[in-house]
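Look for subunit A in each of the two complexes below; its partner is subunit B in the first and subunit C in the second.
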Partner chain A sequence: MIGTCVIAFIMVLAPLFAVAWVSFFDNKIISFPPRGYTLNWYVAAWEMERFRDGFLTSLKLGIVATLVSLLVGVPASVVLARGAFRGRELVQSILLAPLIVPGIVAGAALYMFLIEIEIATGVQVAMTFGGLALAHSLIALPWIVRLVTASLIGADRQLEEAALVMGARPLTAFWRVTWPVIRPGVVAGGLFSFIISFVDLEKSLFLVGPGSTTLPIAIVNYLEWSIDPTIAAVATVQIVVIAAGLIVGDRYFKLTRAF
Partner chain B sequence: MGRVVEQGIQSLNGTLTARADSQAASSTPRSRAGWLLLPSLALVLLGLILPLFLMAKYSVSHFEAGAVVAEGLTLENYVRFFSDPFYLWILLRTLTVAFSCTVVCLLLGLPAAYILSRISHPIIKTALILATVVPLLMGNAVRAAGWMVLLADRGLVNSTLIFTGIISEPVRILYTGSAVVIGLIAVLLPFMIISLQSVFEGIGEIYEEAALSLGARPWKMFFRVLLPLAVPGIFSGCLLCFVLAVNAYATPVLIGGPSFQMMAPKVYEQAIKVYNWPFAASLAFILMGVTFILTVLSSLTLQKRYGTV
Partner chain C sequence: MSQITLNNLTKQHGDVTAVDRVSLEIKQGEFIAFLGPSGCGKTTTLRMIAGLTMASEGNIYFGDRDVTYLPPYLRNAGLVFQGYALFPHMSVAQNVAFGLEMRKIDRTEGQRRVMEVLALVKLDHLADRLPRQLSGGQQQRVALARAIVYEPDVLLLDEPLSALDAKLRHEVRSELKRLQSKLGLTTIFVTHDQDEALSIADRIVVMSAGKIEQVGTPRDIYQRPETRFVAEFVGLTNFIVGRVGAADCFHATGGEKLVISADGCGSGITAVAIRPEQINLREREASGRDANSLANSLQVTVEEVTYRGALTEFVVKTNSGLQLIAHRQNDDMSRSAPPQPGDLMVASWPVAATIVF
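The block that comes next holds the complex of A and B.
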């Protein structure tokens, strides 16, 4: 029993450690054991335009997607968690739908849709940052909805009503009473949104274009041709960015509770 | 990747939403706040629902090389898929790979999940859960790179085997079906472990203690008491893994190489490389349909046997 448990953890963790280890190898072609260790591949990776651009695009995209999905998702979550209205279940399933439709299917559909819009209006939307931002906000939204509604569970609705009865304006009541309750959910939702956007592959696959390629796509395109310490360094950078996000987020909420 | 994390968590949090429901029912409606829902609904409508309808239209359109606008009303794309052994073979392979991955994930994940759920030391428990969850958030591209490093002809696995004298020539592992299965298992295991762990947490130790105190041996207790109680949860964990495996893109493309073809990469190829949108659209719907039918069929079977799912 312990044995299978160990195998399971090795299978999950081994690829990450392997790729990080190889990124320091002082060999041009991967072979074991290494001749020595170096940091040169990180410099080499940063000097390659596609990886630098990809990294910056993914970073910007993650931030934009997080902001957009927070902006539309937090109000919706509060209404969903607080109101009993007709069609509530339906609204909730619609907002969570981007989780359920497979990425490759949704990506293909959005791509055709954006091209169709292009043909109708003459404005380029597919293969632009805007198109990617739409797709990424969409996949981030369910995370916001799930984590923010979850943070309202167990919160005392009457506190808010008390504030309103005692004469607080709705906005004041929200800011002084509701906000402190949902803040951990908002932080967690924002963090997950960023990560989901940063690592997304299937959705972006159809929508990237020259000048707007994300880091995971750049990694995949490179890996289709070769695997070497440079790409290992790029992959390690992605691991570090996400780990950093998780460590920062861990100060505000318990990561293990998000699942 | 991304995708991978997402779908999974949805099913895991059924309990949370259920509690939210019961709370909402007891509170008063707030009719004026409805407009707060509109921006988010508009986002999903514009980014997902309308595109899916458009794609549905494409999937029943006639393909004309060079023409982009969908025309006609025909089932020829679906007929082409189901009458061409090449595509049926790809579908069969996709299902076989997904099935084998699910079985192995269950065998490896079940003990891990059980042990995780019964660890009482909070720090060890958190560390192990993080070790399961964090790789899940790292992205499929990165994990595929890791497996390529491990499984390549001169990769870590082959080098170790040669160094220890077990083999003298590198064994071809990368760009084979088994490599894809290995890679996918690693991608899906965290989902299996996390969902089964919550199942075992939910069952609690009372039943175990009861069985053990009545004299059952640990193994008997596990198979006769714990496992039957966990069946519905185990089932949804397997379904989740299966669905994610059927729709996998990065792992088959990178670890399987160009000759190992599965469904999701084919959708991309037809839409972007061949530019046959009607066929790409019908492939996408077949992929979604197979997933959906299997989900419904298996939940019905389970419902029949266990009453609730």
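The block that comes next holds the complex of A and C.
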């Protein structure tokens, strides 16, 4: 039992540590053993425009996509979890559908859709930050809906009813009673949305344009031509950003309770 | 606190009528129990009074105020849920203060009232705890304090004791009753437990299939059930089906002749009921005197004997196959060994104890 756990942990963590380790190697070509250790690859990565811009684009994209999908997803989840109406299941399936469709397919479909809009309106949307943000909102939305509906279903309906009977208007009841109970779910949903958007490769492939390349795509592009510890440094930064998000989130919102 | 009036209150879910023309007047300060099996409409009625479920037809009055179409937050009712529904992120004091806050009661005045009501339920020392740090019984008292602190027109209790264990339930029950009469709370208590209803309520409303079967004091409900449903649901009852015969009053389908009333039988009686504790079992007399010559005495064979602590339950059967349940108090320590399965006995009961339908 413990042995299995150890093996699983090693399988999960070893590649992460390997990447982080390599990023400090003082070798031009990744090879063992390292000649020495250096921080130069981090400096180099930041000095390369494609990585810096990619990082900033991905960061912006993750934040925008998370905000948009929170704005759409939280109210939608409230209705899905609390309302009883015709077609509820259908709406839920549609909101969760982006989870099922392979990213590359969805990306291609979205690309064609945006091109059609361009043809119809004459406004460029494909290969813009806006189009990319739309795509990433779609990636993020199912996570918000999933986690927020789950926490709403976990939050006893009777809490709201008790508040209503005690004299709270529906909005007050939601804000004072439901919101504090589902907040971990919302934060967890938001965090996952951000991470999923931040690391997305497939869906973005068709949609990035000049000046709006995301970090994962910048990494892939770079890897096609060269392999040196710069890439490890970039990847390590990516891992650190995600890990920091998870740790901070858990510290303040007890994410573990959202599952 | 006010008088509560329900007038032809009806709730329909599609084709199903969950509550069917319920009319009832509840006096100020009265303790009413809605008693019935699950699905009888008692909780739906309670929710309609609270405003959580909208009535399809009929009216609800708190005093002279027609609240039928008011949302719950404008009704001024207090409600204790079965699962208490305490706000998990608020302390005991914050939970209790919630209703006062919603009524914009001044903070210091609010605090005073919170501590007052917490003292009343003996929880003033736990005001800063979170609900999950309390025992079930304590949570129940917080829920109660929270519902009465803002002086509601009516206190509604939805099976509030069902989550407690048997001993605690008994304690909380008497505590609730004491508090209710001390504060003069108009109270509606929903339960499926007949013991609870009988012991706590001023009047019981027995419901079945959305309709009121009978309204009466616990004594009325137990001793003079008006319908077969009430007799069956409240307490254990022996039913004897038959018809009114010419001279001998009531003829059971098995042929037993029963006297059901001192001044003759009315017509149209199709069944009689006798409570198990009214049936007396004695040994057949050796003299061979015909037991059937006495009023309401039947020769029976003991089928089953169950020891139940304070009493012993006997299942007995006549030759014609009529089965009766009889209870005997286990009070007499000197009494010889109780009847055993297979023993031949005489079962008899007073004419006045017969309930007719």
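Simple rule for what comes next: the second predicted complex is superposed on the first by the 234 of 259 C-alpha atoms of A that agree within 3 Å, B and C clash if a C-alpha of one lies under 4 Å from a C-alpha of the other, contacts with A are read in each partner's own complex, and residues count from 1 in each chain.
FYI, contacts are C-beta pairs under 8 Å (C-beta built on N, C-alpha and C of every residue); 3 or more make two chains touch, one makes a residue touch a chain.
Please read these numbers as outputs of a predicted model, since none were measured by experiment.
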- Item | subunit C versus subunit B on the shared subunit A, clash or fit after superposition | fit
- Task: Could you say whether A:148 touches subunit B, subunit C, both of them, or neither, answering first, second, both or neither?
- Result: neither
- Message: So in the superposed three-chain picture, is A:79 touching just subunit B, just subunit C, both, or none of them (first/second/both/neither)?
- Response: first
- Task: Would you sort A:219 into first (subunit B), second (subunit C), both or neither based on which partner it touches?
- Result: first
- Quick one: name whichever of subunit B and subunit C touches more residues of subunit A. B
- Message: With both complexes overlaid on chain A, does A:126 touch subunit B (first), subunit C (second), both or neither?
- Response: neither
- Query: Now for A:207: first (subunit B), second (subunit C), both, or neither, which partner does it touch?
  - Reply: neither
- Once both structures are aligned on chain A, how many angstrom separate the closest C-alpha atoms of subunit B and subunit C? 8
- Indicate the residue numbers of subunit A shared between its subunit B interface and its subunit C interface, in ascending order. none
- Task: Using the touch rule from the top, collect the residues of subunit A that touch subunit B in their complex.
- Result: 1-2, 4-5, 7-9, 11-19, 22, 29-33, 68-69, 71-73, 75-76, 78-85, 88-89, 91-92, 94-106, 108-113, 115-116, 119, 134-135, 137-139, 141-143, 145-146, 149-150, 152-154, 157, 195-203, 205-206, 216-217, 219-220, 223-224, 227, 231-232, 235, 238-239, 242-243, 246, 255-256, 258-259
- Message: Looking at the complex, which residues from subunit B come into contact with subunit A?
- Response: 1-3, 5-7, 9-10, 12-13, 16-17, 19-21, 23-31, 33-34, 36-37, 39-52, 54-55, 58, 68-69, 107-109, 111-112, 114-115, 126, 128-135, 137-150, 152, 154-156, 159-160, 163, 182, 185-186, 189-190, 193-194, 243, 247, 249-250, 253-254, 264, 267-268, 271-272, 277, 280-281, 284-285, 287-288, 291
- Item | Touch list for subunit C against partner subunit A, complex | 50-52, 71-73, 75-79, 81, 83, 85, 87-89, 98-99, 102-103, 146-147, 150
- Message: Help me check something: in the complex, which residues belonging to subunit A touch subunit C?
- Response: 156, 158-159, 161-169, 172, 176-177, 180-181
